[in-house]
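Two complexes, one shared chain (subunit A), two partners (subunit B, subunit C).
And then the complex of A and B:
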């Protein structure tokens, strides 16, 4: 990290690294000035709870974006795994009731969809943008076809404990998300896969000359991202107690926004899963805060847009940008 | 019958045999359509293709709507198709055009237009091809069935104002009629969203200040958004919130789960609109105070049954009064007291009782 800082010229680079965190703190102070209830333990837990699912999804998306690719299949994979898991636990439509065994199955299904993303993207040499868009549509399509517009209601209370249960006063979903962040951080820092994806994102041609197995890494990273989306689908079903094909609506936008706001560059190679944690918190605190401050509903979207641009502008490292796309 | 003319003129003037035969064939074909020749009744009836056009079968309302159309088609043994717009106006219109082409205009289509302006294009296309169309929910205010006789058969909708007012009152009753509520609205430019907000405002005004609207936020019909907003409300208002009004059941379910996360499910009543299964079950569990069931089985079937009655000569739609051309259906208020009855006697649809569930002519408020 020191080497990078020296290259970018000391203080400014240091500031950029911390900019997302500064934005988050500034937001918290601003909101608490308007509404004292913001800084209560109850609200803090609520914020963590709201952040849990976006965090899990962002862990997968961060890897893809670090690699310089994009993954638009988030909603499709989440919808399909959510529908799958909701039909496998005790419910009012299908006869299966395998309880928590459904969790690894759904995660593996997510991983398989991710693997498909990776294989299509690498083997057919199609841009990740189009490949993942296609796989995403297919996911929502299959989920719709399975249920035909029905909504599955979950009656398995052990399964719902994944979201509603509490340990030390904090919802289980938050603990699970924290574990997901830890796993993602270990992959990023302690495995070859993690180091290679930075190399690919920074300069793929150099990475190839250095003997990094580009194709295998790409395919594996897409599969790993799919595993996280699968877990996201599980948590979503546990949170709402139901599964349907539209359950993941709007997830893609918040996921990509959070990753970018956290300071991970869409061009690849710059950022970290920890940045995405901050990014998710910024997005969640912002949405929560605008309601707390009583901002007019139709001004909210505008404010949200402006603050997101401001956060990205502050965190962006322009020294490495040769072209802006 | 104007089409008979070429034949009679052909007889009077000296013409070639070929022209004479052509004219005779044309007249015979037209006469056949006009049923002057005896034809088997079944063959006549099944020549019409029936179709419902809707947004997506992934949502419970439209899935049931499609099933209503299918049920009706089965009762008469006709071909039936479901067209899906996926929220894309272009696709909705071009699918209908393609089907008109394929059926040679012998199409009866029941459309929930993706957006109001689409209705005009669809009606014009159907009229041009000689098919018959019924629209649901969305159409421009100045587009009327009677201006496109007989092809634009009817427009059906539900009056959001009185239903929202009734369901708001059910909510007030559930928490004792005094205190603060929060409300989740739909996409603000949608007609049902505007009507339901108006109905809520009316209900609040009639309590003379006993019920206070603490905050109103549009959650765009989205469950997830409703979940997030409700979490923030719990922080902002705490136990000041005595009830949650949601302009549809999906958002109501999102609010309910947010309450559950905070141990408030069943303590703070929620109401919604649409009558989806999950909401009905939540009423039974004492977590929802009520919902309004629209009976999409009825709209999905009746939007085909009325034009079919016209093409089979059972009614002449052009002679029907305006309240049979633009009308509201009946929403059924389901609350804790009525839920058992609603489940035991689900609304029945009699496809021969064409306007039995119509409740008056559509009003234009703006």
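And then the complex of A and C:
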């Protein structure tokens, strides 16, 4: 009996592991049946370009979710860093034009806000859900206050090259996103921080007994996530050539959807940044496919909403679940 | 003579209402295997937690290699040469074998801030060889069997060996309870091997094993070390005797009020099985009867209690309540049939601490206090006041938060809740855990009241003494099966030693 159960568990675990990739392939085949333009190099590059910013944001969010927490401050941090960077490069409002030096500054600012998330969450022992929601709102609020609802237009073409420039025919944004994935993967696989965030996400008590500095790890992970959001803000401004407080609207939902659809468990400990790469591709391919099929935008949003619920429902290991909140 | 590798001198540790450790002195010499035994709640686990830096002692000193130290954290314990193999495994299933072994100690594999997995796996392979586990260090622990994970845990403790200058002590908390005979033999071989380099504390309920592997045995009872003896000169029977120690005093358990059960069967188990927990449990429970279930942790009695109360489903067998066959899918099914559970974790499962006394009392019978969809507060308050009087609950009012009452009074509120719900079978899981002696007597009095009114009780006692003192009949469980049944009429109670023989 036990052996059978174990085998079933194993097969199920295997299926869960590969399900996101299978879903991605199925989606691609399905959409290409409807529209011949889907499976073209041009569309593929467009997909990658669409995926670039969500990928960068997802790298940060994946770490937080692996740790068993949640980060709702994505939009706030992205908005603030975007406004900041747009005012620092050559533009039509402020006199600063420090060019690419603005990039590290914006990333560091994102990291600082992430650090704030972490410090508030750990030191005040407030749930990450509430802390990051608050910090996120504050971020959007400050960004709005700085610009007073105006839009900054960027005239720095070198800066815009970060998104629009091409190398080997592929947009720079895609290369930058790929680099972000590589860095995130190295953090996850090869650093103590990466090891410990899995341990904390799996079982914090055991992790503490093993002598892991839980609080410091949590704070650092939130800061690292902030760095990725900062980079996301930079890429957004470079892509659109403008900065305003609402530039990040809708990014939180896509980010969390992509992480979860990719198979990273909201309960923590299970998943990987590579899962999130698949998750982002699923979300982007689906959105692209719906456009190609001529589905209305509001219906598209509804489909995304259903997708995240389906993904969570499929990924949950209910056998270990006692209380659902 | 060399000082002991590890020594405790007069260590005490108290929790509200309980003295977990009472001036415990304890020493382990180099290369020695020391057995540590005692009933559940005797203080073994507390002792280990002090040694592992999870609890800080209130009094007393810990000496390592002739120096007094303070063990502030598990990491500090590790650096002092003390490694613990936990009873509940501390292996993280999402990490690999190697990652688990070196969790929190990755620094030795860092190069430019990056972990070298290859070197970590290599080092883990060395430790795995010590426990003769042939899996690859890169295997995820979720893919290992339970017993193999236990071996990984032991390998983790052994990794201390090559990394600490001084002597090492390994604490094994019930390491054999999940192992098969073959694996136990292997573990013992490893332990004997280890004696060259390490001292070992071996905690087990399996007394034959303790005598087999240990050089010396400490017996604990009520938070004290009551006996220290050489393993070679002791028998299992001696150990039993020391674990039990005192004689029963009849009045404490209100034996004079023990009722003779009626012939009416209120609950009947027929071949109940739950895979991995218990099997083939059959017994009738009569109105007015108290059936005590004795057994150590892992005997399956807690699982049985939860199944009878509908908190978990049985896999096979039939359960009959009041003559009709029932199948409980959830706790409210059991409540509807008149079966209630007073859980051992009172704060987590028995009461809603932020609710008032009255709200807690009516929780299981709320529909009775609803008229036209609205709660009838006056009726609720009246019932609460009635039960506060009947059970002599010490509370300022029925509107006091339950969390602010003493443990004994909280437990009375929990009992009142089930009485108000009108149950006629009550399962008491450690009903006197964590409450003081006087309050315990009150609870015993209430249990006698209930049986006098015809309620039937299944009791998982806090101590063996309690089970024997209160019950009409006692089932002894071991490894998920009933190994013996004792009648326990007043004045002719079975001896603890006889029960223990069937428990371990």
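Operating definition for what follows: the second predicted complex is superposed on the first by the 283 of 325 C-alpha atoms of A that agree within 3 Å, B and C clash if a C-alpha of one lies under 4 Å from a C-alpha of the other, contacts with A are read in each partner's own complex, and residues count from 1 in each chain.
The criterion applied here is as follows: a residue touches a chain if its C-beta (ideal position, glycine included) is under 8 Å from a C-beta of that chain, and two chains touch if they have at least 3 such contacts.
Small disclaimer: the values here were computed from a predicted structure and weren't measured.
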Subunit B and subunit C placed together on subunit A: clash or fit? fit
- prompt: Who does A:37 touch here: subunit B (first), subunit C (second), both, or neither?
  reply: first
For apex subunit A with the CA centres of subunit B and subunit C, the angle to the nearest 10 degrees sits at 120
Chosen between subunit B and subunit C, the partner touching more subunit A residues is B
Message: Output check: A:286 vs subunit B and subunit C. Expected answer is one of first, second, both, neither. What do you get?
response: neither
Output check: A:209 vs subunit B and subunit C. Expected answer is one of first, second, both, neither. What do you get? second
Considering only touches as defined above, state whether A:199 meets subunit B (first), subunit C (second), both or neither. second
Q: Quick one: classify A:191 as touching subunit B (first), subunit C (second), both or neither.
A: second
In whole Å, subunit B and subunit C in the superposition are separated at their closest C-alpha atoms by 29
Interface residues of subunit A shared by subunit B and subunit C, listed none
In the complex, the residues of subunit A that touch subunit C are 1-2, 10, 13, 186, 189-192, 195-196, 198-199, 201-203, 206-212, 269-270
Listed in rising order, subunit B residues that touch subunit A in their complex are 56-60, 62-64, 66, 188, 215-218, 222-225, 227-229, 231-236, 238, 253-254, 257, 260-262, 276-278, 281
Note: in the complex, subunit A contacts subunit B through residues 35, 37-38, 40, 42-43, 46, 49-50, 140, 143-144, 147-151, 153, 163-164, 171, 239-242, 244-247, 249-251, 287-288, 291-292, 294, 297-298
Residue positions on subunit C within touch of subunit A in the complex are 52, 54, 73-75, 78, 86, 90, 92-95, 99, 103-107, 110, 113-115, 117, 142-143, 275-276
